[in-house]
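Take a look at the structure below.
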Amino acid sequence: MNLNIQREELLISQLADLLKNDKHVAVGAASPIPGAAALLAKEEAKFLNKRLRVTILHSNKYNNFTDGARELFDCAAQGRIDTFFLGGVQIDGQANINLVGTGKYPKIKKRFPGSFGSALMYFVVPQIVLFREEHSPRTLVKKVDFISAPGVSEKDVYRPGGPKYLLTNRALFRFNKNLQKFSLYKINEKETVKNLIKLTGFDFDVDNKISQMPNPDTNRINILRNKIAPMVSEFYPEFANRIWGI
Amino acid sequence: MNLNIQREELLISQLADLLKNDKHVAVGAASPIPGAAALLAKEEAKFLNKRLRVTILHSNKYNNFTDGARELFDCAAQGRIDTFFLGGVQIDGQANINLVGTGKYPKIKKRFPGSFGSALMYFVVPQIVLFREEHSPRTLVKKVDFISAPGVSEKDVYRPGGPKYLLTNRALFRFNKNLQKFSLYKINEKETVKNLIKLTGFDFDVDNKISQMPNPDTNRINILRNKIAPMVSEFYPEFANRIWGI
Amino acid sequence: MKSFDELSLKEIVDEVQDGFILGIPADYSGVPMKFTKELIKKGVKNLKLYCLPLTTIQGDMLIGSGCVSEIEAAAVTLGEFGMAPRFSEAVENGKILIKDSTCPALHAQLQATEKSVPFMPLRGVIGSDIQKHRKDWHVIQNPMRSSGVREEPVLLLPAVQLDILVFHAPCSDRNGNIQIGRRRELATLAHASKKVFVTVEKVLDIDFFEDELSAATCLPALYVNGISIVKNGAWPCALPGVYSSDNEEIKKYSLAAKTKEGFGEYMKYCL
Amino acid sequence: MKSFDELSLKEIVDEVQDGFILGIPADYSGVPMKFTKELIKKGVKNLKLYCLPLTTIQGDMLIGSGCVSEIEAAAVTLGEFGMAPRFSEAVENGKILIKDSTCPALHAQLQATEKSVPFMPLRGVIGSDIQKHRKDWHVIQNPMRSSGVREEPVLLLPAVQLDILVFHAPCSDRNGNIQIGRRRELATLAHASKKVFVTVEKVLDIDFFEDELSAATCLPALYVNGISIVKNGAWPCALPGVYSSDNEEIKKYSLAAKTKEGFGEYMKYCL
């Protein structure tokens, strides 16, 4: 059987692997791939008799909150969310993220939507997974133009949470908090370390356990396409239609 | 017709008179007489085509809040409540109230329930009506043993609200904020100023508009007994039973 | 049908350790009386009761039974039936420490924990003896330029986290979401508690989240560590919207508890 | 049957004065699009939009129409349909002032007003450029001894009061109580606003407070200054629990608004 795995499916699979020890994963605005990954991980947890709670803000069905839009942030600050996903117009080598725009703020050159809840979530959720599909010197930069949320903080700042991983469509990095530096952990099968160095605007280490991104197996792909895809179409219809034609 | 007005009915009538300019009156815990007064004022406002909103915390039906038990305090702090009632084990001449007990705190001699929300409500509700049935040197004292909430505050303290009246079963006082002193305003028909001086532990002025407490007229008594009494029995069944036998 | 494992009342009681800060719901929020009696039977000691914002018979019984070393509250009272006799006696004789507070402060301290901030500001209170005796409270001059009055004194209250919260509710759904209606102070209590257990009258075979309106009436299961089905679990207190308080019984208690002996007799009968 | 006087949409629009701070609900909270279009027709100027915490087509349209001088938000976006083109253009060309914020800060600033305290503390944010550019925010060292970490830096956010809030809801009851379900951020917005107006799909001839569960789903009338019945009042945005967003229409807008001319054409057609 030719699985014909799509790029998005591979990314969903990578993210799902990062959620195996979690009890509660939350997914914020405009995040179809993390949303699908969380639901996939939840489904797979059932086979291990474990329970993974998934909160997807842009869904009525998978939104576990009843205290209004602030509850995500309160809940995270209380330490009740294990993993959250953040993106970035730019991400730099110290894991600073920029969701605001390029150019010298406030005289911005290209304006993007804004920082959303990143400036709190990045501080309080133990495992933040940075996710940015485009892997290029334009997105992964030496220094972001605007810090929506910093990757590291001074010692006296309350910060139980922070960056753990960065996933692009070419590679998965781990973040080393002590060195304040990313380390290349997994790479796409079509990719080389050499090429990634060229495509990454910041310096990074190479993990000694570096390996290829594993393709999802038949079983996982079946769950994803048959069970998860219809769920995703409830809250990201455009995405589900584009990837799975539903 | 012999109205045979009971003491409690007279007090309800006095309090209702103080609510004529209000848009929203709230009534806290264990306050059947203020509760009845508020509902009476609401009923009478209808005849003048005015709308008085009454929030009675210990009733499901007359509780206008949906944000939990804190909403009374938030709502009051927002300036959305015009009148609230407070009692006191002791009340002194500067309108300090004591709801905690007698003796030298914390080595208390006689312990009462506690301060409830008085320490905020007294500061933020424009018209606080103090209400204490017993008029004696034991309840109206020179200086309270414990200040649950102070009658007056330093200038730099945020305080849009405060004491306006004090009603006992013998008299109604007005509070003069500038003089920090009560002024005798209305007295029970069976009462004399001289006797009240004897029965009051603090010094007070005598208002130049001093008059007798007016008895409620037939109309008001009819509304009270026929319409308000059954409402009160929903949330203060013991009281309604004792006063009106329902 | 249930997606959660129902606990026995004993299992919940066993979660309460000596010295714990126990969250106490007001008489309008679903008082877990059956649980309270089991707790007394177990003989738990040195509880710190955190009342939001007051307690009635529940607190008085726990105090009278010697389970409590400290109580933070805005009031302890039997409401229409007068003062809480075991509480008053215990305070007058220095048997328990009472941290006198005021309702909005008790709410705000939990809201601080709900938001994971070290403190919450509150207006009012300044100049009262409540404030004077609370060494854990702190007054600063307002440092903001764009809000409030520059340099006005503002009271800061510490964040308080409960070790455990137990309350009684009408029902849960099959997924363990708890119906709290508009008693939203229960959500604040739960958010600010390390562990939350609920006794319910029954479990409904529905999912509150399948409908936006019923979702609005519940505390999500994610805050709940365990549920036990306990019929009439609030008796003799009321369960708002389900049953009224048993005023005869509370009156009986209020009379009996006036003396230590009367209280002892009553507890023997009621346990 | 109604105990309140229904307003026309025009009467609500007339309450919005130039320069007002206008509360803007997120796309999941009931966006009053019909009202917004009438507001644009009226030609209101210099609005300050306060978004809780973001805006989509509503904010973009108001900005594109020249009604806005300032916006405080955590994001302005068309979601799945990409960036908000009129917003981006206006910011890039310095036509409006954007006070960049983050979701929890926007909630907290309204909660401060809800509690009438001059500020609200928040953790996180420190060290971001958001904080660096907000001169109205203030950092203190934690002064509490009993909570948080002594001397940890804590961000204080000012209380913000809205001049006016307008949102769209499924229905009101006959007494003017508004059904908001679990969109409780609407309650926070209302508590923090001087005036509140609501457009609703319909008025039900019931009293939400007659039942504890339906009471839990509503914003009490005491916070509402006026109601207007406006069918499909959120279109093309969604009204959660009632109708979904019209994605075709939003896509159409997102494409048209990429240019000033295209936006002009679209507005001509839609007004």
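Labels A, B, C and D are assigned to the chains in the order they are written; within every chain, residues are numbered from 1.
What we mean here is this: contacts are C-beta pairs under 8 Å (C-beta built on N, C-alpha and C of every residue); 3 or more make two chains touch, one makes a residue touch a chain.
What you see is a predicted model, and the numbers here were worked out from it, not measured in a lab.
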Chains touching chain B and chain D alike, please list them.
C
Larger contact count among A-C and B-C belongs to B-C
Distance-maximising chain from chain B - centres being C-alpha averages
A
Intercentroid distance (Cα basis), chain C paired with chain A, Å
39
Averaging over Cα atoms per chain, report the distance between chain B and chain C in Å.
28
Per the centroid of Cα atoms for each chain, what is the distance between chain A and chain B, given in Å?
58
Whole-Å distance, C-alpha centre of chain C to that of chain D, is 35
Where in chain B do residues touch at least two different other chains?
60, 65-67, 73-74, 77, 124
For chain C, residues contacting two or more additional chains
104, 115-117, 122-123, 148-149, 152, 182, 184, 187, 212, 215-216, 240-241
What's the contact topology between the chains, one of line, ring, star, complete, other?
other
What are the touching chain pairs in this one?
A-C, A-D, B-C, B-D, C-D
So, in the complex, the side of chain C touching chain A is made of residues 113-117, 184, 187, 191, 209, 212, 215-216, 218-223
Chain C-touching residues of chain A, taken from the complex the two chains share
24, 53, 55, 60-61, 63-67, 73-75, 77-80, 124
Complex contacts: residues of chain A adjacent to chain D:
29-30, 58, 60, 65-70, 72-74, 77, 99-101, 105-124, 146-150, 153-154, 156-159, 236-239
Hey, which residues of chain C end up touching chain D in the complex?
104, 108, 112, 115-123, 136, 138, 140, 142-149, 152, 154, 156, 158-160, 179-182, 184, 212-217, 240-241
Residues of chain C defined as touching chain B within the complex:
26, 28-29, 52-54, 73-77, 79-80, 83-84, 87-88, 91-92, 94, 98, 100-105, 107, 111, 122-131, 133, 148-149, 151-153, 182-188, 240-241, 247
